[in-house]
Amino acid sequence: MISTETLRHLKHAGTATLTTQLFKRGLRNVFIQGIGRMSAAKENMVGEAFTLRYIPAREDLDLVSAFDNPEHPQRKAVETVPPGQVLVMDCRRETRAASGGNILLTRLKVRGVAGVVTDGCLRDSEAIGLMDFPVYGAGGSAPLNLVCHHAVDMNLPIACGGVAVFPGDILVGDGEGVVVIPQHLAEELARDAHEQETLEEFVLGEIAGGRALPGTYPPNADTLARYREWRQRRSDD
Amino acid sequence: MISTETLRHLKHAGTATLTTQLFKRGLRNVFIQGIGRMSAAKENMVGEAFTLRYIPAREDLDLVSAFDNPEHPQRKAVETVPPGQVLVMDCRRETRAASGGNILLTRLKVRGVAGVVTDGCLRDSEAIGLMDFPVYGAGGSAPLNLVCHHAVDMNLPIACGGVAVFPGDILVGDGEGVVVIPQHLAEELARDAHEQETLEEFVLGEIAGGRALPGTYPPNADTLARYREWRQRRSDD
Amino acid sequence: MISTETLRHLKHAGTATLTTQLFKRGLRNVFIQGIGRMSAAKENMVGEAFTLRYIPAREDLDLVSAFDNPEHPQRKAVETVPPGQVLVMDCRRETRAASGGNILLTRLKVRGVAGVVTDGCLRDSEAIGLMDFPVYGAGGSAPLNLVCHHAVDMNLPIACGGVAVFPGDILVGDGEGVVVIPQHLAEELARDAHEQETLEEFVLGEIAGGRALPGTYPPNADTLARYREWRQRRSDD
Amino acid sequence: MISTETLRHLKHAGTATLTTQLFKRGLRNVFIQGIGRMSAAKENMVGEAFTLRYIPAREDLDLVSAFDNPEHPQRKAVETVPPGQVLVMDCRRETRAASGGNILLTRLKVRGVAGVVTDGCLRDSEAIGLMDFPVYGAGGSAPLNLVCHHAVDMNLPIACGGVAVFPGDILVGDGEGVVVIPQHLAEELARDAHEQETLEEFVLGEIAGGRALPGTYPPNADTLARYREWRQRRSDD
Amino acid sequence: MISTETLRHLKHAGTATLTTQLFKRGLRNVFIQGIGRMSAAKENMVGEAFTLRYIPAREDLDLVSAFDNPEHPQRKAVETVPPGQVLVMDCRRETRAASGGNILLTRLKVRGVAGVVTDGCLRDSEAIGLMDFPVYGAGGSAPLNLVCHHAVDMNLPIACGGVAVFPGDILVGDGEGVVVIPQHLAEELARDAHEQETLEEFVLGEIAGGRALPGTYPPNADTLARYREWRQRRSDD
Amino acid sequence: MISTETLRHLKHAGTATLTTQLFKRGLRNVFIQGIGRMSAAKENMVGEAFTLRYIPAREDLDLVSAFDNPEHPQRKAVETVPPGQVLVMDCRRETRAASGGNILLTRLKVRGVAGVVTDGCLRDSEAIGLMDFPVYGAGGSAPLNLVCHHAVDMNLPIACGGVAVFPGDILVGDGEGVVVIPQHLAEELARDAHEQETLEEFVLGEIAGGRALPGTYPPNADTLARYREWRQRRSDD
């Protein structure tokens, strides 16, 4: 479980910062490729991954009647993902059809789920564009998922946008995209990301004020001294 | 010819709904891939397909002087497509150059054409972005069509975005994209899409109000009974 | 060096017009592919190319400590590109990581650089989206450049988005993208583009007013006569 | 279980014929895309699918020491797939690294496994090219699987080359590639494929002898009469 | 019509030479991309293009019964292409299914057709691999054409592998691939290609014998003098 | 400089083994993607990298007359690469044209160069297929390099098939492809690769003889003991 402080830090950490922190720990392939934020969510998405896996559709299995089965994994997953977690779908980066739409996303929002990530597309994308709920995907596509996806199981490790996602990994999404954080690293990452962002806020101010990169970014001892002062001043306010 | 009622229904039907209706009739590959709405049109585009076909350019044929020929198929098509129809271009999904621009689109709008669809790019995309006229394509690209396209003939069956388009097919475009409907299916599809969307409007309300998916989506007998009541009430207003 | 008049013309020339002028001179491959404007710049970007080249990262060389070297080519380039020029980066169209971010772009803006072009991605894309500074790239991507890029040298001829860019080439960017103009052609191109756009402004008015394409676009003698009148009238105002 | 007769028929059925038979039953997406036979096997591969699934590697998990774990799913799968079955791997069509090599393939051959199919690459491809054992893949690639694959589980439904593969599906491979047959269809498909190939053998003889397509392919009543005679004669021999 | 001498020269001209000759005349895009020789033909393929065009399949039209129609364009084309010409198919570079197979190719061979070119795949590729008949395509693929192709018309200008092919263009294929020659250029191209190849045969001998590139390739006056001597000697033999 | 022993070991090391050794040292991206051996070379290619860089062609610069310039970088590189080194070309993985052909390759062979690697194509591929000289590329393509390549400089760090190649890196090629080894690692890599291959030869024998993977691959203490015996025996022979 993520602590409240970790959660708070991650709510304000950028994916740029978090990928840098993961890079420093030897993890290079952590940013889900080929997707973007499709909704009007303003805040970061933060939550544990709950996964749903699709394989290619088979014409005799993937008929509209498939949804009459209450155990259909897509529908089941929507009802099962715990509040506060993120539903992550493996669509093999296939963009010719949707992996879900407005009604399922509304249900997920009502249930208190933290957000949705798919490396496929979503339908009803105009309505999604207005939702205040974090939704990430490869874009809008009208055809229903049965055209090329067969929902097969949930909460197993999956691939999403070229990245491994294990159930329980922490997903953080901002306006740039979604980063996948192994759960055991979340706490220290949140803390170090907060540190890094505070420093970079200072550095950006220095650069905007006219300082050159050398000595400022990365900061030398002199810059770090000024940074500490600035930080002290700020916490004094 | 499409009836006025069919036209009215299609003006308000989403491409998501229409692709589902086509899927129920065994047609899976009906949504033009790789394109989006590039203009400020607010309403659905609806109209019969009038096609224009490009093949790769040949350097000795595709010079600027090609347009001096009043029979040049691109220019001819722009003047020939009947009002109320949609000009659909086969650009082999080639995005390195435009398949048209602002002046041609303005002419098409003035002529009362219902819209434009290309699986290539368009130039003057900033101006297009402000037009109140349905324009769908793969994005903006400045180079003129002669760089990689040779306009060859019009109103033959074509490929557009991976989908077969026969002259006379009904094209419907919304904010998500464009669906291709075989003409003989348009009427029943319009009617069934209207039914489906009314039901889904109800279902979405139920889900937004807190109901779970099972029994609601797809609806069971109980949900359908409530739906009929809701519908009755609504038509009573 | 570009003259002030050339600069002024290019500030108001569209990339569509410029690519047509280059096409007339036998240059077909001049529009940088796969990128778009990522910032809130409203004006055209115009400036000479100053290049930066990346090759694939090597894990033992491309560690965070690489930036401690004040001669690191990426950082060096940011401090070296002369005011008024455009920094152009060759990222091999690789979009899995960033080729720069907010702090570097801010430094470039402060230094009076004319703009930035990369055929890779940029991080901090939300902040970039708000900058009044011309920034062109393949989209947002959070991971830092070291994940897949090794900055290697500057101001050599490079590939950018499938186009050759020689140091000193004139780059012009509008809302559609970026065109690369060989320096020796810039002056005549600026002049001819201005002519073409004036004519097309007139033609667009004619078309919007209801005239058909034949005789108007391209213009015949009659249309050209009306054009000259219109132009005369306008300059009389 | 497949009957001996079914097995015998499938040993001599071409994938072209089998995909036609599946198409007649409404199954269009049954041929594994992007792979070919990499070994010197001369006979058809026939067997039930036993699956192995990879997701993208994670740098902290996928070290060489991973193989010290006797439960590592790749190694486990090699020892578990029953003789007479086919090991099928889901590598997300990723070709930058291998999904196995010479030693594992030798073990599989020794164990009496019917063949190997991967939509990724294999290493030691020169040695594989000489093996008299059915091996299908996307080509040779030297880097070991840990570079981009994390073996995660076995005998679940998977995607392979864009096709759904369920454990127990019947895989048939010839020199053209591999077709996936739902188990319940295998028997009738084997029988009908045998019929179709006998007829096509006759038709090919007719065409080679100079007959035109109309009436011969597809055969009309007259051709079918000659076919039945030919067949009778042949079975009399 | 091509003269006998032109035909003879083209029978012995390499596609490398021919593309160079076309480049000298300003034609850069003349080599069909993404295909190779799939058969055991040893000689060059030379002949006029006779085209067949496919668009994407539509599930309700493209059933096996489509071939009962004797006017089906694919079958019709096979019976119509004149002896000595080349059947060229536009498959939109789609490789998920075949555009023909063994029986059709055998019929074409029997009819004296000069060869077959497709930018899609072919089925029965093992049998094709043994045919002494020029067949060019993107590889083997078992599924029949109806899975993704709808044959629509013949002998119109088409795209094939990214190149424009007009009926009557001269196609030349060797072991490297296929070049498309506008008919009016065939004669002079054949002659100049013969000249170029004779010179390059000499140059290759010089280089193999130890001469350096400068002065030899391209040849200077001295090399050309030796070349003329060598040529004289050879014709004296 | 590589020692004779290192050279000898690398002459017999497979790229599979070498990529594993590099992986153990943290280098994952070392195998040139998208290329294969195009010639009839039987032995490993081993040598230091000498690089040649292309950018996209520009129509006014890249005319046939470009080769009249004795300083043209492609021709210059062919005459400059030292005997025993490997010429490596950065073609941006562009396969629409050649990066060289038969005459240049013959010159390189005569000059004693160790081999050629390009991530583009080569022309005259039939002749190349018969050469006893190591040539690696993305396949055959007839059009000359000027169609899309502008040779720009030599012996700078480049990208080749997605991998960084620095001048002086050691390239080793076998029938599977080409691995890039940082020079300072070559010696220890050669030694360790030799060790690994000897062990794997033993392991393969064990597996072929019927042993299971666990305990054999990777080897446990018992297997290692047998290995040492086997090795002793072998060196006694």
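Per-chain residue numbering starts at 1, and chain names A, B, C, D, E and F are given in the order in which the chains are listed.
Here is the rule we use: contacts are C-beta pairs under 8 Å (C-beta built on N, C-alpha and C of every residue); 3 or more make two chains touch, one makes a residue touch a chain.
All figures in this text were calculated on a predicted structure; none of them were measured in a lab.
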Can you give me the shortest step count from chain B to chain D, moving only between touching chains? 2
Contacting chain C as well as chain D are chains A, F
Going by the stated contact rule, which chains contact chain A and chain F alike? C, D
Matching interface for C-F, options D-E, B-E or A-C, criterion over half of contact pairs identical, gives B-E
Just how far, in Å, is the C-alpha centre of chain C from the one of chain B? 32
Taking each chain's centre as its mean C-alpha position, how far apart are chain C and chain E in Å? 40
Could you say which residues in chain C touch two or more other chains, in rising order? 28, 162
Output every touching chain pair, sorted by label. A-B, A-C, A-D, B-C, B-E, C-F, D-E, D-F, E-F
Chain A partner, complex, touching residues on chain D are 25-29, 55-60, 92, 150, 152-153, 156-159, 162-165, 182
Residue ranges of chain B touching chain C (in the complex, touch as defined): 64, 67-68, 70, 75, 78-79, 95-98, 101-104, 106-107, 110, 123-126, 139-144, 146-147
Partner chain E, residues of chain D touching it in the complex: 14-16, 18-20, 23-24, 28, 30-31, 33, 36, 162, 174-177, 179, 200, 203-204, 207-208, 210, 212-214, 217-218
